[in-house]
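My structure is below; once you've seen it, I'll send some questions.
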Amino acid sequence: MALPDITLQLAGESGEGVISGGDIFTSGAGRAGYWALTFRTYPAEIKGGPCMFQVRIGANRIKSIGNHTDLLVCFNQEGFDLQHETVGPEGIIIADAESCKVTDEFADRSFEVPFSQIAEEAGGSRRGKNMVVVGTVCGLLDIDTTALEQLILARYAHKGDVGEANIASLRAGGDNARQNLPSVLNVDKPGPAERERILLSGNQAIVAGSLHAGLSYYAGYPITPASDILESLAARLPRHGGVAIQTEDEIAALASVLGAGYTGAKAMTATSGPGLSLMSELIGLAGTAEIPAVIVDSMRAGPSTGMPTKTEQSDLNQAVYGSHGEAPRVVIAPTTVDDCLTCAVEAFNAAETYQVPVILLSDQSLSHRLETVERPDLSEIEVEDRLTLADVASGNGASPNGDGNSAYPRYKLTESGISPMPIPGTPGSYVSTGIEHDEQGHPSYTGEIHQAMQDKRWKKLDALAAGSRVTVTGAEKAQVGILGWGSTEGAAIEAAELLAAEGVTAATFYPRVLCPLPVDRIKKWAEGMDVIVVPEVNYTGQFARMVRSDCEVPVVQLNQISGRPFTAKQIADFITENVKTAAGAAA
Amino acid sequence: MALPDITLQLAGESGEGVISGGDIFTSGAGRAGYWALTFRTYPAEIKGGPCMFQVRIGANRIKSIGNHTDLLVCFNQEGFDLQHETVGPEGIIIADAESCKVTDEFADRSFEVPFSQIAEEAGGSRRGKNMVVVGTVCGLLDIDTTALEQLILARYAHKGDVGEANIASLRAGGDNARQNLPSVLNVDKPGPAERERILLSGNQAIVAGSLHAGLSYYAGYPITPASDILESLAARLPRHGGVAIQTEDEIAALASVLGAGYTGAKAMTATSGPGLSLMSELIGLAGTAEIPAVIVDSMRAGPSTGMPTKTEQSDLNQAVYGSHGEAPRVVIAPTTVDDCLTCAVEAFNAAETYQVPVILLSDQSLSHRLETVERPDLSEIEVEDRLTLADVASGNGASPNGDGNSAYPRYKLTESGISPMPIPGTPGSYVSTGIEHDEQGHPSYTGEIHQAMQDKRWKKLDALAAGSRVTVTGAEKAQVGILGWGSTEGAAIEAAELLAAEGVTAATFYPRVLCPLPVDRIKKWAEGMDVIVVPEVNYTGQFARMVRSDCEVPVVQLNQISGRPFTAKQIADFITENVKTAAGAAA
Amino acid sequence: MTETIVRDPKAYKSDLKPIWCPGCGDFGVLAATFRAFSELGLDPDKTVIVSGIGCSGRFPGFVTSYGYHSVHGRALPTAMGVKMANPDLEVIAVGGDGDGFAIGGGHFPHAARRNIDITYVVMNNEIYGLTKGQVSPTSQHDQKSPSSPFGNTESPLNTMATAIAADASFVARGASFRAKELTELILAGINNKGFSFIDAYSPCTSFNNTTQIWKDGVRYLDESHDPSDRAAAFARALDDPMTLGVYYKHERPTMVDQFEALKKAAKPSTADELLDGYALGLTAA
Amino acid sequence: MTETIVRDPKAYKSDLKPIWCPGCGDFGVLAATFRAFSELGLDPDKTVIVSGIGCSGRFPGFVTSYGYHSVHGRALPTAMGVKMANPDLEVIAVGGDGDGFAIGGGHFPHAARRNIDITYVVMNNEIYGLTKGQVSPTSQHDQKSPSSPFGNTESPLNTMATAIAADASFVARGASFRAKELTELILAGINNKGFSFIDAYSPCTSFNNTTQIWKDGVRYLDESHDPSDRAAAFARALDDPMTLGVYYKHERPTMVDQFEALKKAAKPSTADELLDGYALGLTAA
């Protein structure tokens, strides 16, 4: 019987080509029409150390990393030792014949392949081992390798005959599999694609979204897992006169982004937790001086330096509440790779429309996973621009600064709280400031002005809270509501499907904008749910606490901090085991 | 009829001696046996600009700034213009005859005194104006000036005959008042003091508390309203080999405090909001590496640079949730000046006992108000020290590092989560780190270790949550419960008294430790209340949100951001006007 | 130096009255700035003054031009963002010695290394004015202050030496009370293509009144000094700190120039072009 | 140089295996440190190694002594706290060029000005190793890297010049592959009373393999160089950067010495004495 999808793991030592083999397999499978979604763990070391590449492929869109491994390929003994526990009850293991012995329990569903030896014979070098692995997998799953071979040729075009040798290894792996391995595993063949598909990571999607939104100024400081945003933009932004600058630290990065935003540019920085902490003070400045800015935070496991290569959703509190005093900001969390693109544009739209800093919360698993998505139609993703003074100026030639040398009332108290922003280089000069100020930006410390300006700054976001995007699955009335944020959505939706199979009705609710929270809509949805579960990859249940306080809705927390994303089964099992019995019990 | 207490305001221009006059009056009244509590506003400018000094004195302990001004002394017209609205329905105004005209509504309860002229005649200089004002007030209120005169002599001992001249002005002011002003205002005479009293500010009390706790390392960067903590300690700490260092910024300050804490020293820094924001990353390090540290945050009005000389309670979110990832910390808020001393010691005790960073949240009004308090008996305020490896070492001479060159298991997983801490200079070497680590402090990125270490770090605080100090007034069952934090307590207690006079039963509940919150005790207390009001000097109701989420108790928010503390009447009025009718209504 | 005088110095004076104390040096720096702007004929709508926090940080409010009053210590990276996002703007960063060399000191060498085409004027009063008189990194050794009641234990940072070590493109010292010369330095700094640093002695009459000492002590670099000689400039910086003038000049491509040069090399940069790169090319399968 | 050899260099090697790549220069710096410690006979229980984040930041874990692995860029202020709270400890700060001169660069001049008695060893590989190869402040102009795909637009920071401008008490450059000389520099740095800075070339074989260039290029300061001449030291720093040796020395009272001197001046400092000052003296009333 063919499975709708399968989860493959390659496990070995860093330096053996585990990750590159996985990457190339994923691209090849993608070109062969399969949908894919990957997850990987890196070693702590720069070279050496265990690493693992996981990819789930299938005939339909893949939403999460997979509940267990269907096929584990062990490059060495450590690969088996570290990963065999993830193998499902029917899962298969292929072990390197030279270096890996599986335990008895897998005796009847494991096979040995002499990867390096096949590579040496076919391609002339034991270094083709990972290609033999890829070929083996393709052979076993009966995946056409035409596209894969083209890809390999293109990738090694400038490396002499490495490409040819790799293809030889790939084919030899495939031949061996077809000849010597039983065809125990089958995956549904994909149908023809209705829309063009692309395979990219969350960070790449954020880059694409920011370019679509009109980004022209980027500044950032390297940090895992956000560095590739800087790297990608450094290669592209200068093309049309934009700049991407590696600054001396994250404080300089955000300070300069605000300087750029003040001049009218769409500006962005990207970082991870430690950098976000360092930006706290300037986030407050942006909120107070009303300067648009987009700050990407690709979360990794904290606290402090924590586990820099592992995923976690633990910066939400810092994003929503970080910075002294009370400065408005918007926090947006994408849920999938294509959503990263959309949310990036929405982040710029919110920043521009409301003249606020916007924090885009991705996480390591989302930022670095490859996912097949339908190519977004960019013309459908609307881009908004800020209200400038030039937009509203009457054009009668009168100086916006009034007579003499008075400053333009840049912080005018308007109905919506949004005031037209003069752009340096055009008339309307004023001083942008983080000191409490009157409409003209002059320092002022009266209680009345402070109240009026806080009202202005905060009420701007009311419209956003009312109109922000939300994705909902399931019925309006259900036994269990799964309310979450960010990259857990796919697993939550699949969990609801698993529950449905067991006769439990479940619905999911994922708001994109977490601050300001769409309180009314959450409350309304919550009314239809018998119990609400909030799954989060963090320790304290940060979102659950926000829902409790802002929506005054009781929720059950489901937390794990393994450094890995949730599987659908984890969520479904938690619900069947804990929730139906006692609504108040939490993991 | 004599009042139990009166509220006096001196209002004028910076440079006229308004603040120094107020200070000296307060000291004099204190020495004459009155209890006092002050509040002041500074101009934004370094020199010039309006300033105001307010002091409430009485025969019994003063808890808040007073509901309205009973006696306003205007040094000039602006003083009247800015402050007359605070004058109560029976309040009296004394205006400078040369420079100030009151409006008609005060015609029958205002008097003119030619302050500068009297000063010139009596003391030979118009600069004695503020002393004439002080004399006038003492004359009017019939306050004995013997102690005051001694004080003036002492203060100007090294300034030739300035002291004598000032005394002459003081007396002339008093004589004039007794001769020319009707005795419209009387305040109860204080009885004899049962315990010695002292008059000091919140920041001075924090300094005293930190010294009592055993502070030996201080580092800080100047910032209003925390700079005087640095200044006071710079003058004292070196005496016994301690150090107080002005660092290049707040990041360096906290980094060095953690370095000192790591070596076993009791170490502290003090700052205000912007500095606290900059410390975010290092607060997470302290939580993760388990290093004791005390961070004083004297809050001022935010966001961003905000209103640096005005008070606000708006850094609570940053204190509790600031820093990426999820790092434990303790947050303590004192409610009165003497409580500042106690809480400072408790902050060190918590830091030492639980090996965590502790944030002590004062605010501008509390840090800089002078308050008469009974001199604390320091011998009653217990000081706790951390558990060191030397404390638990068996003394059998075996190296705590075990054999060879392995690190001591500094992060041992214990029942309480607290592990003995080796002190550099003694055996037990290890590496302190903010990377996720195993018991030996070696970097480790497995989900199991991360979970175990987060459990360890967070569970340490359970004991504190259960045993932290709380002050409660009123009955267990009441119509209104006032639940608050920090410097609003005095006003809340007085508000309950005002409500009682109107037949409304009210109780107050003030936890000192806000993180971890004493959830169980709040819930229990809340059961007895018909409705709970949370007054906060902030915009969003930060504490109210925490109570809603952590205690799942509904509360009504009362917020104001005038830059001034609450008066008791503000709280009582809010309750009578809004709360009795609809429990859900908020201001 | 340009001769296009199109605006009166007063045209740059804003309606906001400076809040500085009587005699504060910052008045002199402000006046010199007005004159330099006037001589250059700067368009207020195309000029941005960026500052951090401090008495000196209030400077932008007193000038008719665009202004940006950032948080403490962040004037330089902010100015970089302003300039690099819109190279047509004339960008001046101003601030105090604490703002620039204590909390903001980490940004200085990088602004110099990048050669951002801005002019940075530090109003150096060797004290923290706004927070009422604590020592700053430029305060003298043994100096008493509220935070150093028994004398400063730290030695002053030599701002000229620091700037020369960082290879700033233009390094000069002026004084608020030497109006004409300070005007000329600011003018030369603005005219210099690259990162120009001017340390302007600007006494704090309230907390560190060095007015007389400085008025008595200042002298000028002698004619023989060659500002293109970096080692010599450094040696001069170690001499009497009260020496005014242009210590060092090193013109070279600015940050704007360098990014301009990358335009051709850079990869296709529209979102669509980017997505093309991730396309699966399904027709080939 | 002390001759008290009481421990074998191996005694300082911890059980934790370095995670560095084959050929990484940090191995050489570690070995030189072991030898210097051994020659000085340092007591592991009285020695603290402080670091920030980076490949080089993992250094303390590989040494048998107390260690403190702080966050990125904060090694120097952390080391100050350790030293000033317990002056009996021998304190060594270590880290990378990015850690020390990018994010942590703002702390450097102040550590030098204060003359904290610590030794600071920077493993300079002119790259960000741990984050996989982006340029650092010491990277060469035009250098290609993932974050400078068309060549670095910034000019390298001259660490020797920076340290001399900051008046660090001891300023030297060494190299990981010149084991003996590096050992001697570390030894001299520790023996120097005051803030000692050693920039150790330490090639990153994975992302910026300068091993051969440096091995071929390094030379030593000539005998004639007088390290007490600050201007001359600066001039040498502007010469060929690949010159190794002690550029500059300036011994003077350390931060510990200066605070020691304040003891007598300081005010009464117990909490009780403080409260006495606030007493109302009611008996007088």
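The chains carry the letters A, B, C and D, assigned in the order they are written, with residues numbered from 1 in each.
Note that a contact is a pair of C-beta atoms (placed from the backbone, for glycine too) under 8 Å apart; a residue touches a chain by one contact, two chains touch by 3 or more.
Just so we're clear, the structure is a prediction, and the values are computed from it rather than from any experiment.
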Task: Partner chains shared by chain A and chain D (touch criterion as defined above) - done: B, C
Open item on the list: So using the touch definition from the top, which pair is joined by more C-beta contacts, B-D or B-C?
Closed with: B-D
Task: Gap in Å, rounded to a whole number, between the CA centres of chain D and chain C - done: 29
Task: chain A-chain C separation of Cα centroids, rounded to whole Å - done: 40
TODO: Going through chain B residue by residue, note those that touch at least 2 other chains and give them in order.
DONE: 44, 235, 238, 248-249, 274, 281, 285, 304-305, 433-435, 443
Open item on the list: Quick check on chain D: which residues sit in contact with 2+ other chains?
Closed with: 71, 102-103, 105-107, 110, 137, 149-150, 259, 262, 265-266
- [ ] Spell out the part of chain A that touches chain D in their complex, as residue ranges.
- [x] 44-49, 221-224, 227-228, 230-231, 234-235, 238, 246, 248-250, 274, 304-305
- [ ] In the complex, go through chain C and note every residue touching chain B.
- [x] 19-22, 53, 55, 69, 71-73, 102-103, 105, 128-132, 134-135, 137, 146-150, 206
Task: Interfacial residue positions of chain B with respect to chain D in the complex - done: 27, 30-33, 144, 146-147, 150, 193, 196-200, 204, 207-209, 211-212, 216-217, 219, 235-243, 245, 247-249, 251-253, 255-265, 267, 281-282, 285, 372, 375-376, 378, 401, 404-407, 422, 424-435, 441-443
Task: chain C-facing residues of chain D, complex - done: 101-107, 109-110, 113-115, 137, 149-150, 153-158, 161-162, 164-167, 230-231, 234-235, 238, 255, 258-259, 262, 265-266
- [ ] Under the touch definition given earlier, write down the residues of chain B that touch chain A in their complex.
- [x] 44, 272-274, 276-278, 280-281, 284-285, 287-289, 297, 299, 301-307, 309-310, 312, 314-315, 317-318, 320-327, 433-436, 443, 445-447, 450-451, 454, 458, 538-540, 542, 545-546, 548-550, 552, 554, 560-564
